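In order of appearance the chains are A, B, C and D, and numbering begins at 1 in each one.
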Amino acid sequence: MSLPREFASDNTAPAHPAVLEAMAAANHGPAHAYGADAWTARAVAWFRDEFGGETEVFPVWNGTGANVTALRAMTRPYHAVLCTPYSHIQVDECGAPELLTGCKLVPLPTSDGRLTPALLRGAVKGIGNEHWVQPHVVSLTQTTEYGTRYTVDTLTQLSGVAHELGLLVHMDGARIANAAASLDVPLRAITRDVGVDILSFGATKNGAINAEAVVVFNPALVREMPFLRKQSTQLASKMRYQSAQFLALAEGDLWRANATHSNAMAARLAAGLREIPGVVITQPVEANAVFAILPPAVTTRLQETFHFYVWNEETGEVRLMASWATAPEDVDELLAAIRSEMAA
Amino acid sequence: MSLPREFASDNTAPAHPAVLEAMAAANHGPAHAYGADAWTARAVAWFRDEFGGETEVFPVWNGTGANVTALRAMTRPYHAVLCTPYSHIQVDECGAPELLTGCKLVPLPTSDGRLTPALLRGAVKGIGNEHWVQPHVVSLTQTTEYGTRYTVDTLTQLSGVAHELGLLVHMDGARIANAAASLDVPLRAITRDVGVDILSFGATKNGAINAEAVVVFNPALVREMPFLRKQSTQLASKMRYQSAQFLALAEGDLWRANATHSNAMAARLAAGLREIPGVVITQPVEANAVFAILPPAVTTRLQETFHFYVWNEETGEVRLMASWATAPEDVDELLAAIRSEMAA
Amino acid sequence: MSLPREFASDNTAPAHPAVLEAMAAANHGPAHAYGADAWTARAVAWFRDEFGGETEVFPVWNGTGANVTALRAMTRPYHAVLCTPYSHIQVDECGAPELLTGCKLVPLPTSDGRLTPALLRGAVKGIGNEHWVQPHVVSLTQTTEYGTRYTVDTLTQLSGVAHELGLLVHMDGARIANAAASLDVPLRAITRDVGVDILSFGATKNGAINAEAVVVFNPALVREMPFLRKQSTQLASKMRYQSAQFLALAEGDLWRANATHSNAMAARLAAGLREIPGVVITQPVEANAVFAILPPAVTTRLQETFHFYVWNEETGEVRLMASWATAPEDVDELLAAIRSEMAA
Amino acid sequence: MSLPREFASDNTAPAHPAVLEAMAAANHGPAHAYGADAWTARAVAWFRDEFGGETEVFPVWNGTGANVTALRAMTRPYHAVLCTPYSHIQVDECGAPELLTGCKLVPLPTSDGRLTPALLRGAVKGIGNEHWVQPHVVSLTQTTEYGTRYTVDTLTQLSGVAHELGLLVHMDGARIANAAASLDVPLRAITRDVGVDILSFGATKNGAINAEAVVVFNPALVREMPFLRKQSTQLASKMRYQSAQFLALAEGDLWRANATHSNAMAARLAAGLREIPGVVITQPVEANAVFAILPPAVTTRLQETFHFYVWNEETGEVRLMASWATAPEDVDELLAAIRSEMAA
């Protein structure tokens, strides 16, 4: 049984071969547990090269774990976390943020997954009113769940307003590599340098197996992190194998090559779709996702051969996601099929 | 820099080579995320072969994650979880069980890590008294944190008393393989067949990288498990790589060979220690751990060459742990060193 | 220093004199603590007369306590609670529901504080999807935070749809007396008889000091309640003084007289406002609250003499609340002042 | 049906008549809700007179609420709270502290309800070890659950050691009045002046109905308190009636007279018991409780006429508690009955 062509998510892709080679290379002899090993030391050094010397790095298992651990460091239970209606923390983590932080998540209205200074200003109110949860964190996703991204300028402005309003800035960077590649900037240019306090750094969707990290730029948020990570069930005993994954993606900036490729595949797909009458692309294509409206009957027939999600049952919007492993031929086959179904 | 000889824990060992081979073999092409892949289907089938057909299996990242997810399924926040003062859930999880379940953990006095029917009977009181937490779960560790194990008969009796008292039975099986090997029985003989309701199944200490599973025998506890796992941050997107680890250890009962070997290395160590005047073995050596009292000065000198933990600062008790990767020569070198230091 | 005329809330009113008389009458000799007293037995009997024989009653301190205890009985932490953007649980409890239940609250769009079957149907989705919180409870407020109320028919329909969708029905009845008075029906006609599973019964706003109760109609939700109330810090030791408050309001249906009066005062106010050019009443006046838009300058001047809240800074909407203690002269003075300011 | 003579607890007593008179006197006209009223301002002024000018006072409903709110201000969820095996927070709050703080409670061994510097020093370990909960608060009960009390010197020493160890000091003062009366010192001498960070101040057992307060001496712990109180469901809307209770007990130091009386009744009881052969008093009688061992058959017969609790089923220890409402004749009748039963 062969899988249908895969456009469902970047986590259905395999790991990059270099990742498994690095893990195998790390698999000799004993190593101190819980991160006191040589691979983790080297991975931390790489993060500090990328993000700046005082960066503190806490590898964790997955994106939900990274987000929850980060938010716990930034909140007390009477706080509110501002996000979007599409944020992974709001939609896709089965309430883990509420359970582990005690906080209320407050989604602000946006149509493209991006927050704005005006949205923040409108949401920070009732400060000091003991009856109301107190906005204390804004969580930005980069690239967003709608495949869009914040520019350096936008982030600088947003982060400035957030801090002015007394908010800490969390960035869900499950696809941070795609943003850096899309903008052609270093990782630190869209994180530490624009005022992000804590980054959930994602490697899994970039070609790793299960390697994410809570990356702390705000030094006041460092001290509690080891305890919060452990209590959030996110501390790996054999951490060397996570660190080896980071190192594999660091080597020769493989992470950037992977992200650039997946972005290019989405661009190729979008370019093709724009040529097909009747297909409406609904979001700016700025990273590795394409959102488009297809006739439901077309979607149904396509799903016999291709794996992808309907994002909005009412409008017929679908999500088409490219990964480091998506081949140009995969894209072209999908385009051909859509062209053919639309013509039928 | 080479590591000192390793007797600190079974999680400082590397993964068994077969584990990494299986992961590499799984690393081709796309696969459905979150467990809807062929490797997970095969891993589940193996668990059902081992534990019985209706067994439900939920792979998770690590032991803390398995324990917390299991306890969440078994409790409401006003419940109490009975355990020992040495239980991993009580000592080594930084309060994750309290945070995620809301429950109080109640350690019962035992000197060898094992609970008894009398301890359970003494602890189940105040049922119906709204001021008191209500005992609802007993958590047994097999093999225990003191390297001892429960026999089939003992478990049958304990579990019977527990159920009679209205308790559910959780087993922390981080070293369940060592118990099955030590007793020379199938896995199900010390879990499902003796009335365990949920097992935290450990593979990491047995030679995997990061593969544990919540294994549910009590059908009433199955329905909520997917949500509890996800909300506890324990759901892997690329689950095929965890499942491949289980499959590697399943192949030819590698898990049992690994456990048998580590048990044998501990037995070899204990046998040698018994010959050394002045060394006191403090616990029955029934699995892969040896607890012994050494003079503090001896311990200090040994730790220059060997990595192991002082378990009790006051008595000088140390823990010496063997793994699948411990070689007979490692044991013999340690024995020689102890012999020499004790003679000095 | 005399207070300005009070239209801010029904909790700025004093207690009805009969309430304090009943408390004083209960203040003789010892009484068993925690509800095992004669006054509580009589109060429970009154609740059963009103709501039906199998009703179970758990007095608590306040509305937040009642709501939280009720929701804890109805949920597991991966559940979602459907409510409105104006619900007390969503807005005014500083995140207590999230902290104590672990759940996500999901506000559904409504302009008058009332939910509809269509809103429920649209919100119950993703059932079985482990990534998403699972809608499990709908919380209705009766009368709503906008001073509107659900009719018997509407409640029957809503509750039917809720149960059909697998939802439990919670009713926040902080002003349940006003609803029963407004509709001229017995309390059970808008609670138990229409399928409410648990009611947060409010007496404080009706003339008590601090007496609310979790009233459980669904027998499956009774067993845990004593523990949940205690663990939620809501169990009174000297409960006789809460029960005496309920008994005072029960005597001769004082509760209904109080509610009828406060409703009448709001109606009188609304009738007067409708005569004043330039004043816009924004919500149906169906209980003891009037929502109206006044020019900001008028509001500012009025607030020198009258105490009331601006509800919406942008539109200039204010909330004017009557209580059992509001006198017709208070209303007339307010009307005269508004008339005069609007003319100026 | 008349109640048996009451020695079960100081919360089965009625409120002092002055308390109800003060509440009735406060029951005129509107008052701002949630503590912005004149009675609360006066109550706060009284607390500041008693405890010092910068004291911050947060009235709450009950002892569990006070303790939980206080502990939330002092902890993060990976902290441990050191207490005794008899502490109210450990035994009698149905796990509310664990649920609301996420913390582990660590009971330290003591036979008389008092902690010692040595116990604290032994318990503060593993600081910085991410696997272990971090001791951060010690909770002292004054007077203790065994009717004993800490002297000023003992508290000074304990608190000094606690702060030296990095612990914050919480005092559960459900019976703080009994301690001040027993030691004949001002309230501040055993709280603020000895280094207590937060006090749970109890008035209910001293003759109030339902008035406790979180009293904060450590200024760093003040800022969050309004939110923590509200989110913990402990904020009263009609707070004037709690404040009136404090004011009634403040007037002419009624609180001290009540405590002195209840202490004297316990002393009278203890003196009588010491004359009865076969009765063993098990704890120093330093406040309003007497713990004594009676033959089980005697206890059973006494309980037909007197209401009191068996504290230890195994030893036959009972608790006999006096309150402000206990009359000398009550004590003498109990003594006569015990004398008679012991002779039989």
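Note that a contact is a pair of C-beta atoms (placed from the backbone, for glycine too) under 8 Å apart; a residue touches a chain by one contact, two chains touch by 3 or more.
Source: prediction; values computed, not measured.
> Return the chain whose centre of C-alpha atoms lies at maximal distance from the corresponding centre of subunit C.
Computed centres place B farthest from subunit C.
> In whole angstrom, how far does the Cα centroid of subunit A sit from the Cα centroid of subunit D?
50
> Give, as an integer number of Å, the spacing between the C-alpha centres of subunit C and subunit A.
42
> Just curious, how far off is subunit D from subunit C if you go by their C-alpha centres, in Å?
33
> Can you list every residue of subunit B that touches 2 or more other chains, as numbers and ranges?
Residue numbers touching two or more other chains: 77-78, 93-95, 99, 130-131, 227, 230-231, 235.
> Building nodes from the protein chains and edges from chain pairs that touch, which of line, ring, star, complete or other describes the result?
complete
> Subunit C touches which residues of subunit B in the complex?
34, 72, 76-78, 130-131, 134, 224, 226-231, 235
> Show me the residue ranges of subunit A that touch subunit B in the complex, using the header's touch definition.
Interface residues on the subunit A side: 1, 3, 6, 8-9, 11-15, 17, 20, 23-24, 26-33, 38, 61-62, 64-65, 68, 93-96, 99-100, 204, 209-210, 227, 230-238, 241, 307, 325.
> Over in the complex, which subunit B residues touch subunit D? Could you list them?
Against subunit D, the touching part of subunit B is residues 77-80, 91-95, 98-99, 102-105, 130-133.
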